[in-house]
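Structures are listed in the sections that come next.
One chain, subunit A, links the two complexes that follow: it is found with subunit B in the first and with subunit C in the second.
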Partner chain A sequence: MKSLLKQISLAAMVGLSTPALASLAYVSNEKDDTLSVIDMETLEVVETIDVGQRPRGILLSKDYTRLYICASDDDTVQVLDLATRKIVDTLPSGEDPEQFALHPNNRHLYIANEDDAIVTVVDVNTKDVLAQIDVGIEPEGMAVSPDGKWAVNTSETTSMLHWINTETFEIEKNIVVGQRPRHVEFSRDSKIAWASAEIGGTVHVIDVDSLEEIRKLEFRVKGVNQDRVQPVGIELTSDGRYAFVALGPSNHVAVVDAKTYEVLDYLLVGSRVWQLDLSQDESLLLTTNGVSGDVSVIDVADLKVTKSIKVGRYPWGVVIAP
Partner chain B sequence: MTLAQYWHCFVGIQVREWLRFWQQRTRFFSALVRPLLWLVVFAAGFRAVLGVSIIPPYDTYITYETYIAPGLCGMIILFNSMQGALSMVYDRELGSMRVLLMSPLPRPFLLVTKLLAMGMVSMAQVYLFLLIARLLDVEPPDWGYLAVLPALLLTSLMLGALGLLIATWIKQLENFAGVMNFVIFPMFFLSSALYPLWRMKEASPWLYWICQFNPFTHAVEAIRFALYLQWNPQAFGITVLVAVVLAVLATAGFRPQRTRILSSGGKAG
Partner chain C sequence: MPLLSRTAAASLIFLMAISPLQAESLGVRIGYLQWVPDQGPVLSNVIPEPEDAGLRGAELAINDNNTTGRFLDQTYSMQREVADSPDAALAAFDAMRQSGIELFVVNAPAQTLRTIAGAAGENTLIFNAGARDNALRTGQCHVNLLHTLPSHAMLTDALGQWLNQRRWNEVFLITGPTEADRGWADAFRRSAKRFGLKIVEDKPWTFDADLRRTAARELPLFTQARDYDAVVVADVRGDFGEYVPFNTWLPRPVVGTQGMTPVTWHWVVESWGAAQLQNRFRELADRHMNSEDYAAWAAVRSIGTAVTALGTDDPEEIRSFLFSDSFQLAGFKGRKLTFRDWNGQLRQPIPLVHPRGIVARAPFEGFLHPNTDLDTLGFDRPESECRING
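This part shows the complex of A and B:
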């Protein structure tokens, strides 16, 4: 009995000493110049933070202490301290930054400058611009492989993936894909890259070793006109089981078997679904729905949309911090 | 009268209704064809129409199939209740109805029990429909199937009482086609069964107000909310109120001797 009491009191103490810090999701609202903060337990917006003009791409530092925000119309990248949720710094970014990617070294930030047809590499600690790399017209998507070897940029008008060597900051290969490539996502083992082509309506699966396309995926959503099926954001589960593809104004997210490349299902979400992010335990997937101004929550185990949460106007990017 | 006698009568009427159902199995299944056609054919064409707004009780965007499923549950009950209530007064059932009303138990009890028995059969159809709908991706939460039960029962009571009232008071509506045109169709179409009320409001404020005053709207909403485990006191309250008022009016006004066959057979019950 005594030992039981002891256990209970111990459990209570442990419970008190480590208050359950709910994981938070951050959503950039392009038209409101704000971030909406969503509590991942209650799935409600708990805070709205004012940031720079036209926030689009957002990402977390590798140690989850900072959030980087592309303030596109301010031509800068803002740094939000996650502990205080205040803007603490800005980084040079080149003009009109839209998407960016952080190297696993937690220092090199690769920023796509849409208007200037360049990719700017910034050291986030020293704020030095390490390189400006000429790429195709209207660079948009940006990704760095988890092993840190490759940075990939997509240029919308040239319809190419530019493979940048992260040691030399030189382009080593260009791969032509479908029209208007928007987003690249690497598998956790850095062996496969997935690239979405918005107007082409396709997703291209690239083998990273050979830098060759191994598969082209197409999507058909029941009851939706084909020209509205526009793939943008991609998110992969770490177990290599699923790829989720946001299909823009078709208002659906495609669930793809990441091994067989078969489309398993289409899930109805809000209008013009744009970007995606998985929770830390990968049980939930959040989608930003630009036109309807909300975030849909997908239960990954059930592959069902369980809720849609109202956020600001034109939500663009989403990241979930632990 | 003891409670046991009431119970005996209640069970008797229920059993008789199920026996009748068993003898009319084909009618049972053919009545399912109508809502399923709506779900599969009609809803498919409107699939992308509704994904523009989130309305309670739904937490996210839904397909049109999902939206109209509760309305189609209401439709099953609507058709069954009207058909059943009319047959209570006019059909060849009359013989057995007369026997039933000869029971010494109070007539309102007998009539409400009869309505409940018909409701039970409707409910079997509704559940079968919901099961098939589940295969077609209309997937309410599991507990919703249980929570919807009171709403379904209430709806069938309300509509059964309405059917009884119509059958008793309006002799011109003897044929079922007339009831279809003047009761069932307007009730079904001028409700939230097919379109959410905000859509109606956009189309015409008049339509919106007619829908608001249609008790079937509130019955459908009570079913919809219960199916998704939410409590809608307004819809539920209005349905209860209308059910009680109609049941009182219908049982008070129920005069089987006014009908043709019984007019020569003397007073029953």
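This part shows the complex of A and C:
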């Protein structure tokens, strides 16, 4: 109760200090070196922020006050203060950071260094590099389980999931999956991990207790050459009902029943759909479409694409802040 | 191979399938052979091809394989021979086989490659990363010879499709005097027929003047014709072709071996993660990655992909895996790459590039094929006499 009160009063204070209260989405534009800020009420771009070179992975701090940005060609992680929308700090990231994941402790940032075959762990408060872990070639996807136990990295050319113990920073298991694994997403209860393989065209469902693959999903989009069906981003609804899988240059998002693993539908979005994120109330899903340079808006209740929003060149990542 | 060891290999695979991470350590040895004859003097001061083209690509793939192998207790090593004659290449091949190597990447002209393939054992597996000759894919196939380098026909088909989809159907063809030039031009004539292009002039290049001084005077006259949509140059070594762009009689684009060129690989390719491959290569070799580097890289990575899945380096097992549905090479070309089972050619998209940028990537939409549109490039099954898998 006490903490709830604290949250309410904090929210009130934030409300006083910032004019905009609407939820905002942030989109990294890989070839424009900018972030597009989208107002989730009006679904329009309200601001474009200059950031470092080749921004790709982005994520929010657990208290939603900061946005971390992988500025790949600057070899750094930038910290954007959300209240002022200014870059306030940079973190040592190792070379060519592409994707990263923040531990629930809000301090340990796991960064995939694509050019160096390393995962770097940084304490965002002290900026200390806590560990550098050798992984496969072209480490790409990064995820930390919600219970904080596992950090998982995908290495694209090695085609493995590396399971890193977050206490010891050591790899405990390597799971070979389809070619070019891109992204890992944990279920809310940390029991299931979903991993996409772009060239393999598959999504691998891993049981976290046994660290075994329990299901391999394949996708067929009518009228699209099978080679172009390339799963990348994955997003899960918190109620365990749906998994959304971005299928890259097939320009579709697959809707998967997260319980039966059955593909329910394919939704046509923009060109080369890459990453996706759900709004706070999970009523809307945004997708970044690299080649068409826009963001598609999907109505989750109707499973319909309702709008596309023009952003910068080659939008890569998207996160939605409350 | 004696029956006993074959059974042992099979049971090893069985074990791997159950628990790929508890296998015994495996050392995979690959031989790299290179014999690239001197191209002869050229008129233009073109940037010379790097002497280690191919070799550095293979080295990068060995590193890539080892990074993966680290997690599976598999190590890869490469023996290399950059020979100064065909005989030296063949001698090195024999010596490497004596030492037990049966997996090879060969970057050599077709004739040398044929000799090597002819001297190979039943279980030797050879990847061609140096010869583009069509004949190696249409009739002179070898059961254990695979090609990661595209044929001339794959390259010219990519160009033919592009000209067709631009509706630039009438072309002026200039062919240089070397055997490679004629090979390229023959391939282009075939592509022209396939994609409905009309060669309005088909002229051999016979000048021997130094075009640095006279290009502006000679070429407009040489390219006089009533009309054409593009000039196609077949000048593989870059002798005169560099002077054709901007010097044509009519204001028309130049394509072929100069101007806009169909290639296996080029440093301007950056999509589908290619930027990372290019970066890794530059760090290793201190230069850009070229087509030969890519072909050698793809060969060694194909071996690595097979070994990762199989847990054995038995060439026969690797060969059947490479032709199975389970094999797919992630080759940074936006598609999974597979081998054609009739002639061992690696299917792959072909980038069309100019020296500082990418123009397009074949195959193009609208060129249909019952199995895969990648087979609209080069020799499809009915067009090849080869049946290396029966």
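By our rule, the second predicted complex is superposed on the first by the 302 of 322 C-alpha atoms of A that agree within 3 Å, B and C clash if a C-alpha of one lies under 4 Å from a C-alpha of the other, contacts with A are read in each partner's own complex, and residues count from 1 in each chain.
By definition in this document, a contact is a pair of C-beta atoms (placed from the backbone, for glycine too) under 8 Å apart; a residue touches a chain by one contact, two chains touch by 3 or more.
Since the model is a prediction, treat every value here as computed from it, not as a measurement.
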item: Contacts of A:90 with subunit B and subunit C, given as first, second, both or neither; value: neither
item: Subunit C versus subunit B, contacts on subunit A by residue; value: C
item: A:117 touches, of subunit B and subunit C: first, second, both or neither?; value: second
item: Partner chain in contact with A:224 - subunit B first, subunit C second, else both or neither; value: first
item: Touched partner set for A:180, first subunit B, second subunit C, both or neither; value: second
item: Touched partner set for A:268, first subunit B, second subunit C, both or neither; value: first
item: Touching partner for A:48 - first (subunit B), second (subunit C), both, neither; value: neither
item: Overlapping contact positions on subunit A, where the subunit C interface meets the subunit B interface; value: none
item: Subunit B residues touching subunit A - in the complex, by the definition given at the top; value: 44, 47-48, 51-52, 54, 59-63, 139
item: Touching residues on subunit A, where the partner in the complex is subunit C; value: 96, 114-115, 117, 134, 136-138, 155-160, 162, 171, 173-174, 176, 179-180, 198-201, 225, 227-228, 249
item: In the complex with subunit B, residue positions of subunit A that touch it; value: 222-224, 251, 268-271, 292, 294, 296-297, 304-308
item: Of subunit C, residues touching subunit A in the complex; value: 20-21, 64, 67-68, 70-72, 273, 276, 279-280, 283, 305, 308-309, 328-330, 334-336, 372-374
